Amino acid sequence: MKKRQTTNVKRLTSTIDIDHTAKLANLDLSPAEKKTFDAQLGKVLDYINKLNEVDTKDVLPIDQITSVQNVTREDMPTPSLSQDDALKNAPRTYNGFFEVDAVFEKNNPE
Amino acid sequence: MSNSKYQPVIGLEVHIELSTQSKMFCTCSADYFTKEPNTHTCPVCLGLPGALPVPNKKAIEWCVMIGLVLNCQIPLFSKFDRKNYFYPDLAKGYQISQYDKPFCVNGSITLSNGKKIGINRAHMEEDTGKLTHATIDGKRVSLIDFNRSGVPLVEIVTEPDFESAQEATEYLKYLQRIVRYLGVSNADMEKGDMRLEPNISLRKVRDIREVKKVQKVTQVAQELPPYKVEVKNINSFKFVEKAINYELERQSELLDKGQTPVQETRGWNEQKQVTLSQRSKEEAHDYRYFPEPDLPPLSFDHAYIQGLKEKLPELPDAKLKRFAKQYRLSLYDAQILTRDRNLADYFEEAAKAAKVHDIDAKQIANNIINKKPDIEKILPATFVEQIYETSQVATIPSEKLDKIVQDVLAKNIQAVEDYKKGKENVIMFLVGQVMNNIPEKVDANLIKKNIEDLLK
Amino acid sequence: MIDTTALTIQETCSLIASKQIKTVELTHSFLDRAKKLNSKLNAFITICEEIALKQAEKIDDLISDNQSLGPLAGIPVGIKDLYLTKGIKTTAGSKVLENYIPVYDSTSIARLKEANVVIIGKTNLDAWGHGSSGENSDFGPTKNPYDLTRVPGGSSSGSAAAVVSDMCLAAFGTDTGSSVRLPAAFCNLVGLKPTYGRVSRYGVIAMASSLDSIGHFTKTVYDNALVLNVTAGYDPRDSTTSQDKVSDYTKDIQKGVNGLKIGLPREYFKDLDKDIKKITMDAVKKLENAGASIQEVSLPHTQYAVATYYIIQPSEVSSNLARYDGIRFGFARDKFGQEAKRRIILGTFTLSSGYYDAYYLKAMKVRRLIKEDFNNVFKKVDILICPTSPSLPFKLGEKVNNPLQMYLSDIFVVSQNLAGVPSLSVPCGFIRNLPVGMQIVGPHFSEKLLYQAGYTYEQETKWYERKPKMGN
């Protein structure tokens, strides 16, 4: 279940499935936006597809930029924000909670 | 499973919340249970703009220690990744987790029936906030508390090696016991410290036999059914057992009808005693994992791993064997005493204290098991003293006791007569007389019984 | 009376220290100028008059108390509106955060406050840092002070315009793949993109986390070094900051370039506009005359940098912008502007199932090659010199409908972010009255060397003395 779903590894493309991608990205796009992005990003893809020319057969993906590694901190708690500060910029709150329109209940499928 | 046409293929994903003092990637207190909502948050765990994570060293150590106990390999190089999805309880819009370089891989444990269960991986991640659902002013809303957001979680994934609900629950109980032994989690099911997700499918036994004729056995064993049903977020061993058994039944009925069960996520419904499809989650996930750019990779050396190995406490199995051998306990007694690390420690303390009075460890074990002392309140040494006092009676030779009782009865004829006429409370007078004639403190009940026997 | 707004930090701080001017007066004159010019230039989204004056009074009190306050005390600065400022609205140039008041300060802001600077205001930018021209701001584009019909470069457009038009003495930006250096070049300023991990990113709204570098603009090289002295250094809140010791960047800045080996990467000069090439080579000549040796070198994967960048950057952007869901702060996702949406879609796509290997993973491999190019070249030379922009400041509106053309404006400035190396853009002259900049690029954590080279060149040329004609 931790395997990336690469059952169908797709090759380079000039088109993006905008509807599917917008859904993944949690964006509501207007039909006009979809049309514009489709054309503009098609050109961008054509451009970035040139990376395919580079032979990377024996190259590992980069994993860090400068040689920083093993950065951790001690397990010591410090004071948190006040509830007021935590909620300060929230458009909707209720009794100390953030509030949103009802979402599907994960553990209770009813 | 009564149906022998199919072989159950069951795997388990378990999330264990660690009991560190601070959260995984920020210094908010991780002790969030029953606290006022949104009082344990900061820019990091609230996903405020600009905030960055810094990993908790102890949480990483504890994750590796869990892996070591599950006989995992600890790769020398690992990293964190982002798992991207949207849900209101996920502050950043991604969860920091581990994808292809987890801290622990390729472990195994052995069940009591001798079966080996593979541990695919154990990795580190962070918890989400908590949603509750309410109706406010006639409107259905969800309320979010981010106190839990960012609390460290270890996810342990087994291979699909279980073949029954019983095997699965044995493993779960074992896991609960070891994380408590390690002192890394309270593993309190009711508080959600341990969340269980079985995945269940069935393979046709018939198929295996057919294939076996033409292919290598090892290949057959790896062949998995073409679907898998996951049951999400169960917080009781009992429910896992019920959910697995329900699924095995449901799936075999479908297979009998020639249908292949749908690959999906379901939830256990305790009221109806069924699993139900969670439709909203059915849409194919695409978590778009990629290396967490805010966190440099980690590289462990052998000394670090060795150091953690040395930190591991004695584990239940080893302790059980040692108890049986060192204290000459029955396996049954040793099992009871090692179920809980505190109880085991209590026993050892008591056994040590008992040496002063020359009391056998076995006797201490029996007393702990039968009398179930409150180990929080009674010190082991106090408990031993109590045992010692009662035990003094038993050391009086019974002939000696009989003799004293007979003397007392002979001297108190009137009282004996009254007793025989039905004045039963007279017996306590007689007991007192007997006790006056014995220098040591003795168990009154024992004397009472002795008198009763003689006067029968 | 001297026009205090036209000074450098170096000059101003001696006036403050010798009590020749009061911080409150200085602050007033900058605030007045900022308020007056902002309608023309649109450099500031927020001018914090009250907070600035309060801070100035505090500093004057400290000075009259004879406390020694450090070189930035009382210096008026502009802050790109991506830096969180506690209690001061922080918009990221986007309607999504139109009303957002942060509850904490970014590490850089905390350090600047400790150094007693005076924050004049929050500067305009391409929303979320997405852009090379400043035109992607949801609060209108910033204009180039040298020609109001042209762009000042982006994304730290307001910061550059504010410094060069004397609305403040230094301004802070972020550089993910051009955003300090391009506006510095277009506005005749010194702009630093520090080594990745040299300056804390904590509390600066993230664009692409593995590329974001926290830099700043000043009029002179010396001023630039003064500011880095305050912002550089390890931050326990940013796991990617380096624990390497921070040097005093102003010390030995006059050391000169005698014996310095300078490389000219041939890929940057091959098809270069001939005027820009000439002006850059003139600058190189000056350094050669000052004792440096010049040689041609090669960074063979340069031509793949923009493609690599436009995979990695949008991928990280798509993830970093996921937290803007309108639940805990800000408005909902429909308030994102076109460019943010475009990058979110592109980045979501390049990370998505089935495409990850062909795009994101491939880009991370090429990124390694690009970084190795720099490693290799720095075995031969100490620093590199190359142009900052392939073109002069372009007209407002010229590239807005052609994202790919806009992306290609960054052709000389993204490699350094991919490799994490520092780069200092310094003014190197004017073509048709428009400023031109050149980059001095060095190995990781070589900022000191970049300042020494930049300072030597600046002493020969003093391009910063050529001001835009803004009127007073």
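Per-chain numbering from 1; labels A, B and C assigned in written order.
Here is the rule we use: a contact is a pair of C-beta atoms (placed from the backbone, for glycine too) under 8 Å apart; a residue touches a chain by one contact, two chains touch by 3 or more.
Every value quoted in this text rests on a predicted model; they were computed, and no experiment measured them.
Participant: Of the chain pairs A-B and B-C, which one is connected by the greater count of C-beta contacts?
Facilitator: More contacting C-beta pairs are found at A-B.
Participant: By Cα centroids, which chain is closest to the centre of the whole protein?
Facilitator: A
Participant: Taking each chain's centre as the mean position of its Cα atoms, how many Å separate chain A from chain C?
Facilitator: 26
Participant: Indicate the whole-number Å distance between the mean C-alpha point of chain A and the mean C-alpha point of chain B.
Facilitator: Here the centre of chain B sits 36 Å away from the centre of chain A.
Participant: Quick check: how many Å separate the C-alpha centres of chain B and chain C?
Facilitator: That pair's centroid distance is 55 Å.
Participant: So which bits of chain B are touching at least two other chains?
Facilitator: If we look for residues of chain B contacting two or more partner chains, we find 43, 46, 54-55, 86, 88, 93, 144, 146, 286, 288-289, 291, 295-296.
Participant: Which chain C residues touch at least two other chains?
Facilitator: In chain C, the residues touching two or more other chains are 100, 103, 210, 236, 239-240, 318, 322, 325, 327-329, 348, 352-353, 356, 364.
Participant: Would you mind listing the residues of chain A that make contact with two or more other chains?
Facilitator: 4-5, 24, 26, 68, 71, 73, 81, 86, 98, 100
Participant: Quick check on the complex: what are the chain C residues that touch chain A?
Facilitator: Interface residues on chain C, with respect to chain A: 99-101, 103, 195-197, 210, 236, 239-243, 301, 304, 306-308, 310-311, 318, 322, 325-331, 333-334, 336, 338, 341-342, 344-346, 348-349, 352-359, 361-369, 371, 402-404, 407, 419-420, 444-445.
Participant: In the complex formed with chain C, which residues of chain A make contact?
Facilitator: Touching chain C from chain A are residues 4-6, 8-13, 16, 18, 21-22, 24-29, 33, 36-37, 40-41, 43-44, 47-54, 56, 59-62, 65-66, 68, 71, 73, 81, 85-86, 88-91, 98, 100.
Participant: How about chain A: which of its residues touch chain B in the complex?
Facilitator: Residues 1-2, 4-5, 24, 26, 63-64, 68-78, 80-83, 86-87, 94-110.
Participant: Using the touch definition up top, name the residues of chain C that touch chain B in the complex.
Facilitator: 83-84, 90, 92, 97, 100, 102-104, 106, 201-206, 208-210, 236-240, 315-316, 318-319, 321-325, 327-329, 348, 351-353, 356, 360, 364
Participant: For the complex, give me every residue of chain B touching chain A.
Facilitator: Within the complex, chain B touches chain A at residues 13, 20-22, 27-30, 36-43, 46, 54-60, 79, 86-88, 93, 99-100, 120-121, 131-134, 136, 139-146, 157, 199, 230, 232-233, 266-267, 269, 276-280, 284, 286, 288-289, 291, 295-299.
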